[in-house]
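So, here come the structures, one by one.
Both of the next two complexes hold chain A, though its partner changes from chain B to chain C.
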Partner chain A sequence: MAVTSPDQSAMRGTQPVATNRAWSWYRVSEGMTPYFLIAPLLVLIGVFIYWPLVYSTYLSFFDWNFVRPDKNYVGWDNFTRLPDDPRFMRALRGTLFYTVTLVPLQVFLPLGLALLLWPIRNSRAQTSYRIMLFSPTIIAYSVAAVMWLWIFNPLQGILNKLLVEFGVERIGWLSDRDTAIWAIIIVATWKTLGFHMLLYLAALEGVPKDYIEAASLDGANHWQIMRSIRFPLITPTFFFVLVTTVISVNDDVFGAINVLTDGGPFDSTTNIIYYLYQQGFQFFQIGAASAVAIIVFAATSVLTWVQFKFVERHVHYG
Partner chain B sequence: MCIMASRTTMADSHDHRTRERWNTYGIHVVVIVICAFTIFPFLWMLSTSFKQADEVFTKDLRLIPNAPTLRNFPDAFDYFPVAHWFWNSFGIAVLTTLGKLVISVPAAFAFARLRFRGDKVLFAMVLATMIVPGIVTVVPNYILVSNLNWMNTWAGVVIPSLPGTAFFVFLLRQNVLQLPQDLIDAARIDGASTIKLLTQIVLPNIKPAIAVVVILSFLGAWNQYLWPLLILNDFESKTLATGMQFFTNNAESAQMWGPMMATAAIATLPPLIIYAFAQKQIIDTFVTSGIKG
Partner chain C sequence: MSDMTRRRFVGQAAAVAGAAAVAGTAATSAGRVAAQEKTEITIYHIWGTPPGGTPAEQPAPMTQVIDAFNAQSETVTLNTNTPGNYQETLQKTQADIAAGNPPDLVSVPWANLHYAIDGLGVRDLASVAGDRYDEFVASMSETAWPLVTRDDVVHGFPWGLSTPIFYYNADIFEQAGVDPAEAFATWDSFAAACPALQEAVGGAPVFSLTYNKDWPAQTLIQSNGGRVLNDDGAFGFTSAEAKEAMQTIADLDTAGFYDRGTRDELRPNFIAGSTAVWQGSVASLGGLNNDAPFTLGTNTWPRFGDKPVVASTGGSFLGIFTEDESRFDAVLDFLAYCASEAGYSLWNQTGYVNISNIELERLPGQEPAYAQFEEGLILETNWPGARGLEAQAVWDVYCERMWANDISVEEGVSQALEGINAIIGA
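Our next item is the complex of A and B:
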């Protein structure tokens, strides 16, 4: 281990070593340059991300409907009244349901498939496979939902036509409160399957070949190598997928809910994100919507923090 | 094949190899089934977009239309302002991409290579925006945009979405950090100013990373939904992703599956073309950027 001298660490920066030159316009402008370079980004972040957080917090203590000129201060009412709203409770239930079903479907299913695909990674069909698997990821969620709207259509959709063909009764995919949420879960699984799988495959490819060779020289078999070397070394990717899925899954399905069911039937497909949208932009309950925004933000922050704590301790960095 | 080669020392029996080959076939079959699942909605959309109205409503389920027609495309354009929507999607995506580059590249360079008071705190503030879900800022930004009279304008969609670029700043910064220190030092010794260093030394050397930012931010802007849904209310100001819901809004157009799928095909085409050309680049970046494992 080399000891880093103060000189070396100074070299890391790119400020020319100051040789006590006199005050000059050049030096002042050079000193200001970094701030000019970051100013546009920071101003925009301040105006459109940090200020809204502050303003949302403020609005969450008022009763307001967008158009009325004056806002009524109501204290914590917007928060404390939420549990009294059955639609909010259904939204919470939906949030939980989406999380519990979609995390395994979006995190573990692609992992299993990646491990399955791994032995044939050098096959000539790989490129075609990858293109087909990745396609759903790169199109708009809303457009994807329109494609599925056609597939789920009760009378003319291919799914029900096939069911009828096999003598099974038609299913009201999007109009039945028991199946509608599953229709959205199918779309959401379809949307991320290939992408997450490719992330895992890329991680598997990143495992150094030396490790594998050393292990097989020691007589480890295919399964042992997978379990003891490959899997531990792809845990960072695994946790990355897990973290981003848990945090963003309810956000992601917004487009699908909006196009396919608008939260219905009977709020069976709504979640907390959709509830916020409806409170704000269908019922104009700005105070309630802002209160939910603060709750979502707090929950996301806590989740991020907890998960990263966990990742720090349990990940083997390769 | 590699795995098999490394195993020759085990002096496998003929049986073992046959089994291995059958396993491989089995894997291919499973993968093809999964591929069919991921690709089928696309094929069905395309197929429907070339079908005549009466064929759409028959019991016949054909992937290749009986009597293919192109009429659904002009029909869609006649019934809804699809050309406007396309132009809006395109303009918004291009401006968002340019705007994100203009604010992200200089900032990424400054955070990577310059030392200044508060640099670490400011960079942390930029990264912290990644954990703020978009939905949280929607209400105040909607109020702001409507006070600025930016409703139904490109500016109203583009400008508030520019700061959603923290990941790109991170990605670009990583790339600037990886440039050899000698390159920077040499330019400094030659007396290059900071701006010159950025435009003449750093910029040409991070082109691949910039290409990735261009691709990803174009795709993101082309596909965005919630924000333009709120800001663009006029019929003609919609984007493709947000305008398509009009088809389902009235009873007549809700049955126009041919034109609806034709519009969906138009909306998916640019992303698919971009992906076809940049497949390797997109995936490679996600891997090497570090953040994705």
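Our next item is the complex of A and C:
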């Protein structure tokens, strides 16, 4: 028979309880760890994305300039007056035009470039091309504008000087309503081309080599490999580029509009984001600007949902 | 020095360094105490570079005024922020007011007086100046005060008074054999001179009107006897006089003499000698004198027949937004310095019309501005209502469209009126 001291028996009685508690706390804290880790990000997203969204929705029902002590409640007026505003309708047309022209340009052109550069992936030439095509992405619009303003200048610009050399009349690239919007499209494409191309190149790099080798052994030609293996395997990247381009294309083009044309000539290069900016920060109509922001948010959400509903089914996630 | 050992040298050096450090700390502390005693105030303004110009070797005149003030003041430090153009300056002001940290002084365009009062809550001068109010009113020309007065209340300190004038490249005029005085006499004589000038610039357009077309449109229409906005608050740009004036530019555009360029093209085109004439603010005189590589000439606006040139004002006043009453004296000290001979002499280098009570030598090239000033300026249009800025933008686009023949003048003024009424009445 084992003799135990009272102290020992007490220890036996309490130790399992303490261990259980510690274990429970450990399990709870382990379960909570992910939440603790993402909490800072959640707070940031809440403060900088969801709270502005909620506050914008609230402000869209007021006539206010952010400073006046009195906010006038105007109900749905900020929304209902938009269709009667010719400037809003012009901005809407511009938005549609930019979306229809820039989305294909920013989605397919970089893909084409990536496919052209892919075969020379191990050469210095590809590195040079990559640097050349990517560098516009990191140049601020304000800096790039100086260069493009000079290129497009009707009297001293290099573009018109070349045209005049060939006997073509000078063109007011930024002051003619027929050419200004195309000038904006050129600059916006130039700015984003390299980034998307880089994403495609990375995706192409990720395609397993044994798939390609197996297909080659089976006698597949270059085009068949591209169509049946490479492209399906890079569709996640393609889908990502498509969705983010549709979401951001009119936001991206804002920089070019702001520094090159101010929405002119005659509002011909404006879009809904520039209209929003003018309402909020040139005319100080924060309520009206918030209403436009809500409309943009709703339209973008619907477009994104449509893409997930109808395009995502064609994406091969591997 | 022969008995100077290394240990001794190091020891003495350490002692000197220690003494210097102590002295330095003491001096810094003293300096900090002095700095703490100074009241810090802030001004937002547009004059970081000469208006419309590029940075020159010498600091811009407003920077000189501020630096000189800070150097002589024992009680105030004025900090500067130059957010950009007038619009960007107002944007920053608005954001900082909303954030509860307004600047003390801001350069506010005369044209935005109503917005500064109703939208931004600019302080009236009397409430800030108190007993010193009369001293301030006496410090500037009596012609300037109505520009910052509404309902008999003064809402700012008059500072930069400009007016649009014509700048020309005298070398091109000489090459074309055109006498500037004759060419700028009337719009008819100007149109007659354009073909020769166009040949001299290699077939390019001859002249441009400054961006923000609303501003030159005012002088154009007023000089033909019309108004953009009548004194009774009704829009006058649909009058026969206004339409005739607007048609003048449209006709010059049809003939290929008018440069339709964008905001960032017009002035560079003139500086590069690609166009012969540029209409801009007299405030650009200092900047153009720095930048123009040719003989720069200035002139008043051409007349419509024998009618007088009735130009608009331009420029800005200094609006007071200080919330903390303990800083009022600091703000007033700076304004008093601005009105003093020392301050205003520095400011006078810009090209702005002298609205102080100090006799100062006029700058070469300023003559047309004074001629128009003496002929009678009209206060730049203050677009009415809470959505006045938006209405102004609508009119601005229609001016651009009418002058570039994108729309007929008849249709342009009619559609502009409809659009503006929809906004102002909304």
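As a working rule, the second predicted complex is superposed on the first by the 262 of 318 C-alpha atoms of A that agree within 3 Å, B and C clash if a C-alpha of one lies under 4 Å from a C-alpha of the other, contacts with A are read in each partner's own complex, and residues count from 1 in each chain.
The rule is short, and it goes like this: a residue touches a chain if its C-beta (ideal position, glycine included) is under 8 Å from a C-beta of that chain, and two chains touch if they have at least 3 such contacts.
Everything quoted here is computed from the prediction, not taken from an experiment.
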Partner chain in contact with A:F240 - chain B first, chain C second, else both or neither: first
Touching partner for A:F108 - first (chain B), second (chain C), both, neither: neither
Partner chain(s) touched by A:Q282 [first = chain B, second = chain C, both, neither]: second
Touching partner for A:F79 - first (chain B), second (chain C), both, neither: neither
Dominant contact partner of chain A by residue count, chain C or chain B: B
Partner chain(s) touched by A:L42 [first = chain B, second = chain C, both, neither]: first
Touching partner for A:L149 - first (chain B), second (chain C), both, neither: both
Which of chain B and chain C A:V296 touches, first, second, both or neither: first
Which of chain B and chain C A:F97 touches, first, second, both or neither: neither
Residues of chain A contacting chain B in one complex and chain C in the other: 66, 149, 153, 156, 281
Residues of chain C touching chain A in the complex: 87, 90-91, 94-95, 97-98, 115, 118-121, 204, 260-265, 268-269, 272, 274-275, 386-387, 389-390, 393-394, 397, 400-401, 404, 406, 419, 422, 426
Interface residues, chain A side, partner chain C - complex: 63, 65-68, 81, 84-87, 145, 149, 153-156, 170, 172, 174-177, 260-262, 264-267, 278-279, 281-285
Contacting residues of chain A [partner chain B, same complex]: 11-16, 26, 30-31, 33-38, 40-42, 44-45, 47-53, 55-56, 59, 66, 113, 116-117, 119-120, 122-123, 125, 127-136, 138-144, 146-151, 153, 156, 158, 161-162, 165, 190, 193-194, 198-199, 202-203, 205-206, 213, 216, 222, 234, 236-238, 240, 247-248, 251, 254-255, 258-259, 273, 276-277, 280-281, 286, 289-290, 293-294, 296-297, 300-301, 304
Sites on chain B touched by chain A in the complex: 1-3, 6, 23-24, 27-28, 30-31, 34-35, 37-39, 41-42, 44-45, 48, 56-57, 59, 61, 102-104, 106-107, 109-111, 113-116, 119, 122, 125-126, 129, 131-144, 159-160, 162-165, 169, 181, 184-185, 188, 193-195, 197-198, 219, 222-226, 229-230, 240-242, 244-245, 247-248, 257, 260-261, 264, 267-268, 271-272, 274-276, 279, 283, 286-287, 291-293
